[in-house]
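By written order: A, B, C, D, E and F. Residues from 1 in each chain.
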Amino acid sequence: MSKMLHLINKSPFDRNALDSCLRLAEAGSSVLLYEDGVYAAMRHAASSDAVIKRMKDLKFYVLGADISARGLDDISLIDGIKVVDYGGFVDLVVEHDVAQSWL
Amino acid sequence: MSKMLHLINKSPFDRNALDSCLRLAEAGSSVLLYEDGVYAAMRHAASSDAVIKRMKDLKFYVLGADISARGLDDISLIDGIKVVDYGGFVDLVVEHDVAQSWL
Amino acid sequence: MEPWEEEEGPDVVKRFMYVNRRAPYGTIYALECLEVVLIAAAFDQDVSVVFVDDGVYQLKKNQDTTGIGMKNFSKTYRALDDYDVEKIYVEKESLEKRGLAADDLIIEVEVVAADQLRKIMAQQDVVISS
Amino acid sequence: MEPWEEEEGPDVVKRFMYVNRRAPYGTIYALECLEVVLIAAAFDQDVSVVFVDDGVYQLKKNQDTTGIGMKNFSKTYRALDDYDVEKIYVEKESLEKRGLAADDLIIEVEVVAADQLRKIMAQQDVVISS
Amino acid sequence: MKFGILINEGPFTHQASDSAYRFAVAAIEKGHKVPRVFFYNDGVYNANRLSEPQSDDRNLVALWSELGKANGIDLVVCIAAGLRRGIKEQILQEGFRISGLGQLVEAGIQNDRLVVFGD
Amino acid sequence: MKFGILINEGPFTHQASDSAYRFAVAAIEKGHKVPRVFFYNDGVYNANRLSEPQSDDRNLVALWSELGKANGIDLVVCIAAGLRRGIKEQILQEGFRISGLGQLVEAGIQNDRLVVFGD
C-alpha cells in the first residue's frame, strides 16, 4: 500500500476539500494544509473538531509561509499540527509514495 | 427597502454560497438557482431541507437550461420552485430592484 | 449624448455595496475588489463594503507575505478612511465561526449580526461581488 | 537521451488514478480531465477513474446542453470502455447525498463505499486531480 | 430597461461568460438595452482574439464581439486586470476596448441594473 | 528524486502557480530534479509573455522562464487547452514549448512523484 500525502489548499469554510479528504484518507497517511487550507489548522474555529477527530490516525502539517501571509501567527494552532516551510513540503512529498491534491 | 434577487450559481455541496444566501436573504426576496446552483433545486438531496425551510418567506426559481444540461429533467424538483428560461431570468432582474450574485 | 443621460441627471446618488466573501492570497478576488472600491470612492456615490464568510480574513491583523512572495495589500484597507469609505461592515457570525474577534482586525469596522446585515444588504441599489 | 531513461526501463507500469470531484458545465474541469484520460489510455499504464462528490454528476444520464450552448460531452464516457479504461469507481456516499443511484448514470460503474474507496486510492502510484 | 453586466471569469473554465452572453441576448430580444459589459478579473481573457475553440465548440470571444457590434454594446476590458494577465491591444478582439475601472462604476450608476457573473 | 509538476490555474487569480514555483525552487535547492512542469487548464496563461504585473508585484511568467532556463526544466503548455484559450506561439514566453497531453502522462510515468497545483 502506498503511503499517501494529501494536499489541501482550500478553506474548510468555503469548500468541501477537507471534508472529503478526511472521509477518504486511509489511516496512516498525512495531510498538508497550505494556501487557504491553512485556516483548517486554527484552534477554536468551527472546523477544528473535524481535524482533531482524525489526529489519532493521520499526521497533519501546515505551511508556515501561508500562515504568516494570512496573519495567523498570533492564533493558536491545533495541538500536534507541525509547521513546515517549502523545503519541508518537498521533504513530505519525498517521504510519502504519492501526493494527492484535493482540488 | 429594495426587493432583492439573489443569484446562486454554485453547487450547495461544494461551496457555501447557498448557505450564506439563505442566512442573509431578507424575507420577501427571491433566489434564482442557475449553473451548478441548480443542484440545490433537487428533491431528496442532502441540501433540500435548507431550501424547503426558507420557502415560506423566499421565492425560489431555477434556470431550465441548466437543469436539462445536467440531465436533471427526470429528477423531481422541490415543490414550489418555478422553472424559468433566460428570458425569465431577465424578467426576474427587471421585477426586483437589485440583483446580488453570491460568488 | 448617451441615451441614459436623457433620463438621469448627473447628480444621482446610488448606494453601492461591495461584498467580500473570500480569503486573501489564495485567490486574487480580495485584492481586485479593493482596487474597485478605491476607484469607486472617487465617484460621489454612497459606498458600503461588507466582509462575510472567509472575506473577514482579508482584515486579519499582522499579515506578512514575505514567505509567499506576494504583495501584502492588507494595509491598504487603512486607506479606506482617507478615501471617505466609512461604511465597513463585518458579520459577527462569520468572525465567531472562525474563532476571531473585532480586535483581530486591522481596521475599525462595524460588527453586525446576520439579521442586521440582512437589512443593510436590502437597502442597496447596486451590489458588486467578486 | 533524457536523464530518466538511464534509470527506468521503457516497460514500467504505474497505477494512475484520475479523480473527478466537480460537476460538469459549471466549470471545464470535467471535460478537460476526460481529455487527459483518453490520451492516457494510449499509454500502457494501469488507469483508474474515480468520481466522488459533485464529480458523480458528470455521469448523470440524459444530459442535454442545447439550451446552454455548450458541447455535451457526456456520451464520451461511454467510449472509455473502447479505450480499455475499465476501472471506473463512483463513491456510494456521494451518490446518496445527491439523491442519485447507479441506474441514474450513463455508464456502468463500480459503486464503492468510502471505506473501500480509501483502499483503492491508497494503491495508486500517481493521482491526477483537476 | 438598461442592464450593465460584469463578467469576472474567462471563457471555458467557468460558465460565467456563457451565462452572461445568454442573459444579454435574452434581454435584447425582450427590447431591453445592454449599454455596457465590463470584463474584470479573469474576465479579461474573453477579449483574447487568439482564442481558437474546437470547431464544434462555441467561440465566446467572437460571440461577444458580434453581439456588441450588432447592438452597440460597449465591451470594456479592465486595463489593470488586463495588463497583469497580458491582455493588451495587440491581441484584443475587434469590438472590445481597454479602459479603467471607473467604467464599471459608471455602468453601475448609469444603468437600471448591474448583474454580476463570476465564479 | 525527480518531480513532475502539473499547474492547472493561471497566474494571479489563484495561488497555484505561486505555490508550485516555490515548491520547485525548494526542491532544486535540496538537490532534486524537476525535469518537467506541465501547464494545463487555465495554467496555460502562465506562458503569456504579454503579462505585465505592477512593478512591485511578482512576475510568474518571467520567474518560470528563468527557473526553467537555469535548471533545464521542460516547461510544457498543453496545445489543446492553449488553443481554446488563445495561448499560441506568437505570445509564448521564451523557455516554454507547446505540446500534447501525452507529455503530462509521460511526466507521471518518468518522474518519482507528480505534484498537482490547482484550484
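We take it that a contact is a pair of C-beta atoms (placed from the backbone, for glycine too) under 8 Å apart; a residue touches a chain by one contact, two chains touch by 3 or more.
Computed from a predicted model, the values in this text were never measured in an experiment.
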Checklist entry - Which chains make contact with chain A and with chain D at once? => result B, F
Checklist entry - If every chain is reduced to the average of its C-alpha atoms, which one ends up farthest from chain C? => result D
Next on the checklist: With a Cα-based fit, what is the angle in degrees between chain A and its identical partner chain B, given to the nearest 5?
Outcome noted: 180
Next on the checklist: Please tell me the distance, in whole Å, between the geometric centres of chain D and chain E computed from their C-alpha atoms.
Outcome noted: 33
Checklist outcome for this item: In whole angstrom, the CA-centroid distance of chain A from chain F equals 24
Item to check | Mean-CA-position distance for chain D and chain B (Å) | outcome: 29
Checklist entry - Tell me, which residues of chain E touch at least two other chains? => result 8, 12-13, 15, 19, 22, 41, 54, 57, 114, 116, 118
Checklist entry - Listing for chain D: what residues touch at least two other chains? => result 21, 25-29, 53, 68, 70, 126-127, 129-130
Checklist entry - Of all the residues in chain B, which ones touch at least 2 other chains? => result 9, 13-14, 16, 35-36, 65, 85, 98-99, 101, 103
Checklist outcome for this item: Here the pairs of chains that touch are A-B, A-C, A-D, A-F, B-C, B-D, B-E, C-E, C-F, D-E, D-F, E-F
Next on the checklist: Under the definition above, what is the set of chain B residues touching chain E in their complex?
Outcome noted: 7, 9, 34-36, 65, 85-87, 89-91, 93-94, 98-99, 101, 103
Next on the checklist: Which residues of chain C touch chain B once you look at their complex with the stated criterion?
Outcome noted: 19, 21, 29, 52-53, 91, 93, 114, 117-119, 121-127, 129-130
Next on the checklist: If we count contacts the way the header does, which residues on chain B are in touch with chain A in the complex?
Outcome noted: 13-16
Checklist entry - Considering the complex alone, what residue numbers of chain A touch chain C? => result 9-11, 13-14, 35-36, 39, 42-46, 48, 64-66, 68-75, 85
Next on the checklist: Applying the document's contact rule, which stretches of chain D touch chain F when the two form their complex?
Outcome noted: 2-5, 8, 12, 14, 16, 28-29, 32, 35-36, 39-40, 42-43, 45, 126-130
